[in-house]
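In the two complexes that follow, chain A is the common piece, with chain B as its partner first and chain C second.
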Partner chain A sequence: MQETSDYLQFVLAPQMFTGLTMGVAVVLAALGLTIIFGLLDVINMAHGAFYAVGAYLALALERVGFGYIVLLPLVVLVMAAFGYLLQYGLIQHVLTRGRDRHVTTLMLTLGLAMVIEDANRAIFGVETLRPANPIPGSAAIFGMVLPNYRLFLISAGILIVAAVMVVIYRTRFGAMVRAAAFDRQMAASLGVPVKRIYGLTFALGVALTGLAGALLAPVYSIFPTMGHDFLVMAFIVVIVGGLGSVTGAVAAGFLLTQVQALASLVVSPVWGSPIILAVMVFVLIMRPGGLFGRLGHV
Partner chain B sequence: MKAINPFLAATMIVLCAAIPAMAEEMIKIGVVTPLTGTYAPIGQQVRWGMELATKEVNQSGGVLGRQIQLLFEDEEASPAVAVQRAERLFEVEHVDFLTGTVNSGSTLAVGQLAERVGRLMATTVSFADSITADQCSPNVFRVNARASQQSAALAAWVSGQKPNPRVFYLGPDYEMGRSTVAAFAARMKDLGAQDGGELFAPLGSQDYTPYFGQIRAARADVLYTSVAGNDSVRLLTQMQEFGLLTNMLVVGASGTVTSQNIKAIGDAANGFGTGVGYTPAIDTPENKDFVQHFQTSYQTDPDLYGADSYGVIYFFKAAAEKAGSTDTAALREAMRGLRWMTPQGEKLMRAGDHQAEQPIYVVRIDGGAFDIVGKVDGGTALGADLCTRF
Partner chain C sequence: MSDPITLSMRSSHLFVASALFAALLFALVAWTLGDRFYLRLATEALLFSGLSLSVGILFGYTGLLPLGQALFFGFGAYASALALRHNPSFWAAIFVVFIATLALGIACWLIAGRMRGVYFALVSFGLAEIVSKAVYNIRWLGASDGLRGIPIVDIPLGFLSISTDAPLAFFLFALVFVGFLYSVSAYVLDTPLGRGLMAMKSNERRMRFLGYPVFAARLVAYVLAAEIAALAGALYPMLRGFVSPDLMYFSVSTEAIIGVVLGGATMLAGPLYGAVILTVLRSIIASLTQYHLLVTGLIFMIAVIFLPRGIIGIAQRSGGGGLD
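Right, the complex of A and B next:
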């Protein structure tokens, strides 16, 4: 009996907490991707680059003298403007090409990713950088060590997810986004300013991704190719959750990271990725559209 | 068409005639080292070290009255590319000596090539023990410390700090990670340590926290790790976040914490110990001179690669002067058992396996800088000669 409770308290519970913090990280990293995917039908290969830009931006602002928590809204604003301009100046021009849409946007964003990555390297150098942990120290709860910054990440993550859900599912802007995602022509003919909605949605996606980069930088550190880290996991989460579904991304993000964390108790770490991919294959066989449906379609 | 100035033309002809004559007299040293890619920072140190030593040697009259010329080629940290570039240097440029290889696979492959074409080479960076053990070659020399020298020194120091410790091993899951852990674990076992468990995480892991339960459960006194680059940043800072660094001595491979990632690790690096063949902190007049010259020339500190690459030029100079020529057989004879001066002090090239013997330093990070906390003499760290080919 004692052994069981020890196992629960000292092994299982901390591991699930670990899974939860990783889940928040993954969900934050995937939110922007799923929104852009769901509405614009753009496979955004520059997603990882936006994640890196957010982190570098936070670092630059920190060096200028902003406090870490204060600079987060600034990162959101700058990234949103960056996203809006990119959509307006670049992505929009290759969006209208009908059947080629996937290929043209994929090539464009892939090229964009390379440019951004090299720009980061040119400006900040190849060395690994890391902003200081803004909330150091840890709390002990039921004998578990819970670092303060991870607790902050979990709360911030939950707030951000809730805010995004409210925006998408409960506001007029969200209704227009969902309408445009469901049927662009019909939405336009009913008076939805589709072009602006596209720009704003892309901006929202980029801002969320940049915020994720800024929030996670003190934990995962910053280097030019950091975007590759979460790119694959974010795509898996988006696919398992259902293309463009915000609820789906949240559910899949937490599910997959719990699977990963708990699996690492019993199998060798190298099996982490194969297990995640096996879950993805299984979900796709059972529900080809992912756990939840496409944005605007349910 | 404008007529060519006859004076200019005459000057050109004289110059053209003079260039081959000068090239005749120069000693050519080929340097195949990574100038691009992940290992480019290492290649940069190699290049700086060699260029600094060459400049000094040439200014003081050269080797056997001849100037040294360095010919660089990009290794790209790939054995296949290294062999191709080395072949060009040997066959087309007719270099007298080859050095610079970083990747251990490149050193082994270029070593075989050197044997085939009857020339000599030396590595100043490669760590793999096999280069001067079971895969030793009569044409290959190593002037830097090999992995087992570093781990021997570190193991001896760890046992002094915590007698009969319980050690947990964490390595990146590929050949280097597994071999470094196996080598260190074997040494610690000989010194009476208990095995607290081992773990191999994928290269480039984002989050090490899923493994912390296992590390905690092991109740280890010492953690040995051979992760490198960004992985070190994440492992150490995340361990600090979860309070795992207190009450545990953390040691690792010499590549785990370097000048490249020490700033990002910050105070989570404090207390980390490792064994190295060189550190700028070595307190000798020769080293202080070297560090000062290096800093004036390149505005940065030399690391172990820069120091050993500086040393190899003096190794070649000492050997060529002892042999009186750059002929392969004479040069090899001169190199075997050679004693020569380096920033680390005098080194001995062991004749039996072509491995340099040198003192190994145990360094520990304190406030972002490496402090020397221990020194193991060359003979103890080097261990037995395992080369049976010559």
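Right, the complex of A and C next:
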């Protein structure tokens, strides 16, 4: 009995806590990815690159001398502007290309990812950087010693995810997004400024990913290819949850990061991502559309 | 008899023939200068153009974009390396790769075959990630170091025998080999099957109603593409003497796609051109700047936006026809 509770308290719970930290960041990125796909039909291959940009941006702002609490909203604003400009100036041009637009936009963002990644390398160098922990110290909860920063990360992350869901499902802007995702022509003829909604949605997605990068930077490190594995994870989450589904991204994000964290108790951690990928393939065979329905279609 | 598809195939053959001529010219120059390095590099480019051809077949004829086609290239390389270590015989290795890829291709198709559009792209991406991560962690496959010390073999061709260690001879062999892969694909895609695939690409539902075996036709195209990639990959360990998990990585798949887009997917010759042009471009860019990904990415984006039919599309006369 004592052994079981020790196992729960000192092995299982901390591992789930680690999974939750990752889960929050993955859900933030996956939300961006899924909203962008749900509305614009764009598989954003540059999402991982935006994640890296967010982290580098946070680091640069920190070095200029901004405090952590000022810096996070700044990252969001800059990333949103960046995303809006990219959508308006670049992606919008190939969106009108009929049937092939899925593949065209996928390839375009793939090229964009290469450019951004190398630009990061050119500006910040190839070394692994580690920003200072903005909230040092730790707290004891139920006998577990948990770092303060991770506690902050999890609570902030959950608040942001909740806020995004409120925006999508409870505001006028969200209604327009869902309407445009369901039927863009009809939405446009009813007076929804579809082009601007597209730009703003892309901006929202990019900002969320950038924020995930900025939040995770003090926990993991910053390096030019940091977006790769993260992108893979975010994609898996979005596919399992259902491409274009907001609820799906949140549910699958928390679920899969828990699976990954708990699997590493049983098998070597290097097998974590193959397991997750196998889960994805399995879900796709059983339910090709993912677990939840697409944005605007529920 | 001269419908657009026939015309496209013919102009494709013409493009390949001129590429063959250019390659022979290059071999002649390299041979007179006693070069080793560029011959090896060109051989590698030929092998990767086989991978691009494989992506081009899928993308051009079925509209499916494989984001993880390097899986088959790397699989072919590993299967060939293992076979050569076990028994240093060229044709035995090729046979092993062929049979193993048949099995892997069908298995992957059972997973990816029902997917369309972006779902297919992402599942293909996922499959390649699973396998490359697994290979990276499996010790008897050399884990992250890969397999080294692949023996040099002789390729018996009946009247003559070519050593994989001789740069010029192996380059010429690779040229013939990739030419053979191209011819087989061109032959298969010129049968009614190729037209069936084109018809499915433009309207799958109608073909289904017409009683066309949609699933089987796509399976053949998919396995054909897998075989092309794997057989091109099979020569890789003979050229470099080692294989590593990098061969299956996303960056390899990406380069194959860039090759297809640069060259143009509307014609079978496009991917071959694209892959070779990309290799040349990359070595030029790499000599000018260390940030070659940035430049390659920009070129790729420009090609996606402004050259939907690739470089072949520019060279094509308006009467030359192409697949759309």
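The rule is short, and it goes like this: the second predicted complex is superposed on the first by the 298 of 298 C-alpha atoms of A that agree within 3 Å, B and C clash if a C-alpha of one lies under 4 Å from a C-alpha of the other, contacts with A are read in each partner's own complex, and residues count from 1 in each chain.
Quick note on the criterion: a residue touches a chain if its C-beta (ideal position, glycine included) is under 8 Å from a C-beta of that chain, and two chains touch if they have at least 3 such contacts.
Small disclaimer: the values here were computed from a predicted structure and weren't measured.
> Should chain B and chain C be called a clash or a fit once both complexes are overlaid on chain A?
Here chain B and chain C can both sit on chain A without a clash.
> Regarding the shared-chain residue A:L159, is it in contact with chain B (first), chain C (second), both, or neither?
neither
> When the two structures are overlaid on chain A, which partner does A:M186 contact: first (chain B), second (chain C), both, or neither?
A:M186 contacts neither chain B nor chain C.
> Tell me which partner A:Q260 touches in the superposition: chain B (first), chain C (second), both or neither.
first
> For A:M22 in the superposed arrangement: first (chain B), second (chain C), both or neither?
Touch status of A:M22: first partner only.
> Would you sort A:A139 into first (chain B), second (chain C), both or neither based on which partner it touches?
Neither partner.
> Quick check on the superposed pair: does A:A81 touch chain B, chain C, both, or neither? Answer first, second, both or neither.
neither
> Roughly what angle, nearest 10 degrees, sits at the C-alpha centre of chain A between those of chain B and chain C?
If I round to tens, I get 60 degrees.
> Contact-wise, after the overlay, does A:F223 reach chain B, chain C, both or neither (first, second, both, neither)?
first
> In the superposed arrangement, does A:L108 touch chain B (first), chain C (second), both or neither?
Second partner only.
> A:V270 in the overlay: touching chain B, chain C, both, or neither? Say first, second, both or neither.
The answer is both, since A:V270 touches chain B and chain C.
> Nearest CA pair across chain B and chain C in the overlay: distance in Å?
Comparing every C-alpha of chain B with every C-alpha of chain C, the smallest gap is 5 Å.
> Return the residues of chain A at which the contacts from chain B and from chain C coincide.
Comparing the two interfaces on chain A, one with chain B and one with chain C, the shared residues are 268, 270, 273.
> Which residues of chain A touch chain C once you look at their complex with the stated criterion?
37, 43, 90, 93-94, 97, 100, 102-104, 106-108, 110-115, 117-119, 121-122, 228, 232, 235-236, 239, 243, 268, 270-271, 273-274, 277-278, 280-281, 284-285, 288
> Spell out the residues on chain C that touch chain A in their complex, using ranges where they run on.
So the residues of chain C touching chain A come out as 59, 63, 65, 111, 114-115, 117-119, 121-123, 125-127, 129-130, 133-134, 136-137, 250, 254, 257-258, 261, 291-294, 296-298, 300-301, 304-305, 308.
> Spell out the part of chain B that touches chain A in their complex, as residue ranges.
Residue positions touching the partner: 41, 173, 199-202, 204-207, 209-214, 216-217, 229-230, 233-234, 237-238, 241-243, 260-261, 263-266.
> Flag every residue of chain A that touches chain B in the complex, lowest number first.
10-11, 14-15, 18-19, 21-22, 25, 126-130, 132-133, 138, 145, 147, 149-150, 219-223, 229-230, 260-261, 264-265, 268-270, 272-273
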